[in-house]
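Structure, as structure tokens:
Here the chain labels run A, B, C, D and E in written order, and each chain numbers its own residues starting at 1.
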Amino acid sequence: MVNPIHIVSIALGVAFALGFLGKREKLALGIVYTALAVMLAISASWLSHFWGNVTEPIQIFTGGFKPPFAINLQMGLAESVFTLLINTAGLLGAIYLANELLKAGKNMMIVFLVLVLGLNVMVMTRDLFNLFVFMEIQSIAIAGLVILNPDRKSIPAGFKYVIATGLISSLLLLGTVFIYYFGGTLNIDFISQESLLYVKGGSVAIFLVLLSIVLELKPFPANGWALDVYEGAHPGIGALISAASATAGVFVLDKLMVFGNFTFFNAISIIGAITFLGSNLLGIKQDNTRRLLGYSSVGQIGLIMTIIGLKPYLGENTKFIALAILLSHYLAKAGLFWLAGMVNADKLKDWGAIRGHRIYLFLMGTFIFTLVGFPPFPSFFGKWQLVMQLANNHHFWLLAIILIGSFFEGVYLFRWLGYAIKWDEVEQNYPKIKLNQFIPTVIFAVLAYALGFYFGELSGYKSTFIYMAAAFIAFLYIFDFLPVFVKNTLAIGAMALYYFANQDTFHGLTSIFFIIFVIGGIITLLAGYTFKGKRTGFYPLVMMMFAGLIGLLEAKTTLEFFFAWELMTAGSYFLIIRGKKSMEHALSYILFSVGGAYLILSGFGIAQIGHTGMGLDVLKDVHYYAPIAFTLMAIGFMTKLASIGLHIWLPGAHAEAEADVSPMVSAILLKAGILGLVMLFLSMGPQKLFGIDVLYVLSWVGVLTALMGNMMAAFQEDAKRLLAYSSIGVLGYALFGLTMMSHLGWLASLSIVVTHFMFKSLLFLAIGGVVMRTKTKYMYQMGGLIKQMPFSFVSVLIGIIVIAGLPPLTGFGGKWLMFNAIMENGWYFQAGIAFFAGVISFLYCFRLIHTIFLGQPKDELRNVKEAPFWMLVPQYIIITILLVLSALPNSMLKPIGQILLNYFPDGALVWHGQLAIGPYGYWNGKLILAIVTIIFLAVFAWLYIINRKAQKVKQFNIVYAAERPFRPETTHFAYNFYAPYQKALGFLVAPGITNFWDAVSDGAHAIADKIRSIYNGNGQTYLAHILGFTVIVYILMNGGF
Amino acid sequence: MAQYLTLEFIAMLTGFILIIIGLWGMITQKNLIKLVIGFSLFDTGLNIVIVSMAYVKNSTAPIIDKAVDVSQAASKIADPVPQALVLTSIVIGLGVTALMLAYVLRMYREKKSLDINSYTDLRW
Amino acid sequence: MEFGIKQILYLLLTLFIVLNYGLILQGIMPKIAARVGRRYGIRWYQPYLDLIKNHAKRSKITHGVMYYLGPVFRLTGGIGLLLFLPVIYGSPVFGNLSFAGDLTLVLFFQFFGVLGMALGAGESGHPHSAIGVSRGLSQVTALELPLTLGVISIAMQYHTLNISDIVAAQQGGVMNWTIVTNPFAGAALMLTFLGSMGRAPFDVVMAPQEIPIGPPTEYHSGFLGVLQLNRAIFPVAKLILFMNLLYGGATSWPELFIKTFFIYLWSVFVGVAFPRFRVDQSVRWFLGVPLLFGIIAILLI
Amino acid sequence: MNTPLDNIRTVFPNADVWTQRQGLYHMSIPKEQLVALVTHLKEVEGYLHLVQLTAVDWIEKNLFQLTYILNNPIKKIDVMVKTFIPRDNPTMETIHHLWEQAATYQRELREMFGINFPGSPRVDKPFILEGWDDIPPYRRDFDTKKYAEETYFPRPGRETNDPKEYMKKKLYPDEI
Amino acid sequence: MSKSDLEKRTVMSPDGEPIEINPLQDYFCDARPKVHEPVLPIFEKFLNWARSESLWVLGFGTGCGAIEMRPLMTPRFDAYRFGIQWRPTPRQSSVFIISGYLSVKTLKRVIRSYEQMQNPKFVIALGSCTINGGMYWDSYNTIKRLDHYLPVDVYIAGCMPRPEAILAGFEKLKELIREGKGEGANLYAQNFDWYKANQKKIIKDWDMPDYNW
């Protein structure tokens, strides 16, 4: 094997040799590339050497003497990994900076080589003074790179960088010297920790050394200088700083932690946590791209510092977690900096220029999702393991800080992604893709996926279904140029194949959801045929969402469940943001989902305590804090269910989505929340939190959601928002059913969930067709469409009859079951409000159908054609199913009853054919339908006989007090349809909750604005920060702890 | 009180005083060049401290030549390690100061002002 | 329950009796209201004449399919409601189809007619009919809360939702009528009964002259005939429902006529004495006193 | 004869005033100064209420007489300001800025006499005669009787009786 | 005076192509009225009896006679006893009482309401103004003979007949209906053009379809 010292020798040799090359820049650049490639090869060879078997790191002696008399380098498994990372970043960074290197000439190349050299030695050296020297070299090199590649702002930033790192290195030198003065040796292995710590000066020296390493990693209050460099420097250099030098710094900190005792570990983790939370909080106020990336990278490094600080608690997991998060930071941050270099838009909003550019958005999406920790990237598994370990060690405060910090990170990253996908106030210009900048970014993106897969394997995540789905999504992404009907058939075919493949693998409650997700998916996908052209990017996202949904069902362990949950959120986020004006709604959707996901994650964490395995059945016997875990997870699932208080994302997200995405998101996606709650309630059962029964509180939440949802829906002017609010109402109803924990309660709620899927997709498809034809969502602009769109009218009519629960159709079944269930368990007041809400649903049902289909047809809509054929096909499939269920109610309710028997044995329904006999009453669906139809036909015949030749008249033949109606718009009563109702009960729907959430976000922004004012751009204040930070930490460490 | 009067202690004391003066200069001086001077003062102070550590009573410089033979070197010379360290530290100090002055020159050419407060456009 | 021809004939018989009783009631009640105004009032058989005249109208116009089907929905709602109620307690003849569904079915079937009428009125294109429907729906939904609370408390009192059982439990003397044993639920129900009948204090829906008779503005000749049939049957069905719930049902037709007559009289008397409520006033009123009674009724079970 | 309006003559010299009775006075003023006078009366003299704005057709003198009747509610005095405008294409400045209801009076005069008040709101909108194509009916050269017989279908056999004679014949048939 | 809402206009439909709107054709049904023959005599006699016993009057007070109709609802005269009821909409009413002078402007509204009533419909004209113009015999603005514009069944003379006279008029109308002579609607349908010509002669700004359904 080649001796690792050659990394140093090649770098130094080439650096000096460049001097003699004279004017031939191109040749010089070629040599630099080869040198970097060789260094990379050496570290790669050593990595393969240490990979499987050898564990003992080898020592490299310099100057012929053995330590402690000479400097020795060490190359073990850890060192080989880190040198490999540094060298890859160096090589790819050099390729990225090719033009700058050529332009700036040889000396920039030399400085670049010196930088990579410095980082390599920092990782390998075992000598303290040598470490100081090469840290100093590395910071000088970075400052050199900045000055050699000037633009207006980078020079002052470079200056601040130099004076700051100069001060920090001097502190390190002071510490090192005094360690020598007391310990007698400078070699890290020989500095025995016991002797030094208890000599008066020794502990100060150790403190100085460790603290300067921490300062080098830019801790929160004292990192103004770093942020200015990130903002000022060329993105290529920024990438190097954030990826390579931060990685080296973290390794050095981990290497030197052997000196510190317990207080040092605690201090490090606290500093790291504060940095992570603080910098992410300030991040939400940023609007400059590079500065934002600066904040984010400082935050990530803070997180890794915390993990290193927690070494005594995490034990052997630290390596896995630290590496996972470091790798995702390394890949994503370098990638985003390079992307920023390619797009070079300073303001976040200017990134709107690349909206619609598939490749850029794919790269950006990958890097952002890697950073935030979405599946399938390594940070997802890292964060999962971190949360599990923290929960196990009862570090709940630290867990909360980390989750809140990553939530803030999600805020500004998704807002930025939203701008890039959707901001249309900036005209579109796609920057020309330069090959040398493009290749490194793509490599890092591919690495992100590969490492994600590797870390998945490591953390024991083996879900064959998800891998198949991932392959199918990749396949669809590659074949995105195919026309729509091919891809649509492919998607439906895959779903159908999956359905038949494991029709019998699911039994019990999951089979109901299995039918809703798969059959529902197929039906709503049928509407996809209406779209022409290629509809780029739609089908991979749809498949991702459905993969996530079905993954929920297939999940055996909590990790698989959470993986699928996040996948579903990612897929649905991208689907929603495709809508025209859906940017801020998609943002609020993803933020609520991420918040909810973190609650579920912490809930799983708490539930895991004391367990080794990660099976879903772990929820059955939770040892510690079961009620808290239960409440956290319940709230988490309820964010997806949009219960009251957590609902403000739903109307915007569902209304602004595309015509066939709304039914998918509204009818199918919300059921994931129900599935979660079903699983939660079944496994953990009723819980008592601070003495109050959580389920009782949830029943009130469900009922109030139903009331609020239906009440809001009645006052909406926009048809799709009306349907969105009605979804909130019906799901509140279903939640109320679930909280009853009785056979009938669950039967009612599950039947409502199934019927809700059907009538909601029916209505959303119908209204989608209407909106597609009339190009407007506002109901008062439509009117009298019954003559042009009779089929849509019939489907909306049947939809509203089912929502309102009118007897002949199946909606009434849900209401009847609910009535009996309430009788059984005695929650009468909730029942009163629930039925009041049920009746209010009647208001918005009529408003929907009257303002759109009846009343006066408007001039513009006179010759509007019927909804596209393929929108009607799924509608009429659903209508036939609804009618069949109305005629034969037991075809659905009996099987569900059987499934529920093994969870709630007593209180089942007794079925005689179609007559259901419950504890309090009975109901014969078939007979009611038969009777009503017979009477209907009899009365119709009677009216037809006495009213045969009626004269057909047009719209203005009305008795208008002997006057002639002015215009159609003035004679169509649609705007503010329930004005008196609003006058009487309007106070109920005052936007209290939206104001609350606005106040929360404004408060966060205000705090961020106040804190970030400490970075006032003046170099000297940054120096004062560093010194202040040192003094305060010293005082706290000695006095405080 | 007596044991503090040794030469070694006095040297280290002056070194620390220089360090504090340098620090004070860096923190308070608005003029960029004064700031760089402050930094170099800080650096020399540090070097003096390093050298003062190597003091051994009535020993000579650790250069092995005719005057000091290899055999009895261990007893007669001062502690060689800090001497070596100080050499590198001085060189690095030089390098950093040179880089700082290069920056100051480039910043002056940019904005024609030596006051540090005028270079605060990168902030928040 | 077997479902032979005999059964159908019984149903038609019940329908015929109730139809005639409804028309006579429609004749008598305005006469009583007139007598309050010292007027002679319409002849008791006037509704028959109006019915025949409307059916005998020769020309008719139609605004569209849904307009044509509006009255059909309405009458189906009326007849359906009647048929799902056990009219005469204990007699196999007049038990109707009460086995098909129970109190919940009846509660929700009321809206079937209302929805049909609303759709027909909507299709007519007249803005006033749409305004009438909006007012009607607001009022009906407002009275639903106290009604549901009252019904729940009654159902809980007798531990059943089956109307025949409720009637059975109230047999044997006035003292164990629901209005006596559970007065607050009775009060809540009787107050909401005013709202659902659409008479004077709450007749802002039809509001004669203001928005010319609200939803049925555009209905005439044959359509109006069907609506009149419904106006005869639907109120009587509701009377029977309230009688069964509160006043111990009827064991024979005369008893039924007397009881329903006095229940109807209650709404006429209140109607004659009070001016017309605006919609938001009536919504607020329903969520005030009747709701209070409902809550007390629930608390007292 | 001193009238409360004498001091107006100082401001409007060519306005002559005569009294009809205590509390009711007449003024006549040339057409150009009328609006100034009326504004003066309203703003200064306190004649706040415009009772009537009407016209009289002096066909013989080929003039239209416009009469503005104003009332001072405090002093309880009515004044009738008169002016004459030529009969062929008669126009007069509008005073709707002083009183809103003047616009209706002017609209009626426009329809019935043909006097145009340029600038008055909706002056040409039909007032009570929809689709009228003959000369303005209030003008004295318009014969309503002849117009009625031509356009409408009079029922034959209609004769008008003097009510006094008719009743005498009815009650005392044998007297004549 | 332009009737802005009646002019032809072109409007852009949601997907861009213009739509030609001609309000009179598009908003109003321009079918002619049809003659509805009575059914078999014996059956028609019974129906006529029912029609005569339930006269629904359209509450449309055109002239000074409207004030005479109010007392009919009061206890003193109480027309309800005879099955007479006031209905707010022409659709549901069968009797149209023209109560006094008809200016040209009011006649236009009367025609519209009359045509919106359903086939067996009857007109009662009160006062001499409807018979021969009454005291407005020489007015340029009022119509002189009502039956030239609408088929009239019963004239009740008097310069506003008192409520007793109106009740007697109603009795007379009932007799006519029972004898089957209340076929004004069919008469109107048969010589529809003659009536329409008379109406258009005096209503010059005819801005509505020929027959207002």
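The definition used in the following text is that a contact is a pair of C-beta atoms (placed from the backbone, for glycine too) under 8 Å apart; a residue touches a chain by one contact, two chains touch by 3 or more.
As the structure is a computational prediction, the values presented were derived from the model and not from experiment.
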> Quick one: which chains contact chain B and chain C both?
Replying inline: A
> How short can a path of touching chains from chain A to chain B be, counted in steps?
Replying inline: 1
> Centre-to-centre on C-alpha atoms, which chain is most distant from chain E?
Replying inline: B
>> By mean C-alpha position, what chain is farthest away from chain A?
In response: D
>> Between A-C and D-E, which chain pair shares more contacting C-beta pairs?
In response: A-C
> If you average the CA atoms of chain A and of chain D, how far apart do the two points sit, in angstrom?
Replying inline: 82
> Roughly how far is chain C from chain E, going centre to centre by Cα mean, in whole Å?
Replying inline: 36
>> Quick check: how many Å separate the C-alpha centres of chain A and chain E?
In response: 71
> Whole-Å distance, chain B centre to chain D centre, using C-alpha means?
Replying inline: 112
>> Show the residues in chain E shared as contacts by 2 or more other chains, in ascending order.
In response: 34, 89, 91, 213
>> On the basis of the stated criterion, which chains touch which? Give every pair.
In response: A-B, A-C, A-E, C-E, D-E
> Quick one: in the complex, what on chain A touches chain E?
Replying inline: 773-776, 859-864, 951-957, 959, 962-968
>> Going by the contact rule set out above, which residues of chain C touch chain A in the complex?
In response: 55, 59-66, 68-69, 71-73, 75-76, 79-80, 83-84, 97, 99-105, 108-109, 111-112, 115, 118-119, 122-127, 130-131, 133-135, 137-138, 140-142, 144-145, 148-149, 152-153, 155-156, 159-162, 212, 217-218, 221-223, 225-226, 278-281, 283-284, 287, 294-295, 298, 301
>> Please output the residues of chain A touching chain B within their complex, sorted ascending.
In response: 129, 133, 136-137, 140, 143-144, 147, 150, 152-153, 155-159, 162-163, 166-167, 169-170, 173-174, 177, 180-181, 186, 228, 231-232, 285, 1012-1013, 1015-1020, 1023-1024, 1027
> For chain D, which residues are in contact with chain E within the complex?
Replying inline: 124-126, 128-134, 137, 142, 144-145, 147-148, 151-155, 158, 160
>> Please output the residues of chain E touching chain A within their complex, sorted ascending.
In response: 5, 9, 11-15, 19, 21, 26-29, 31, 34, 60, 89-91, 109-110, 112-113, 116, 207-208, 212-213
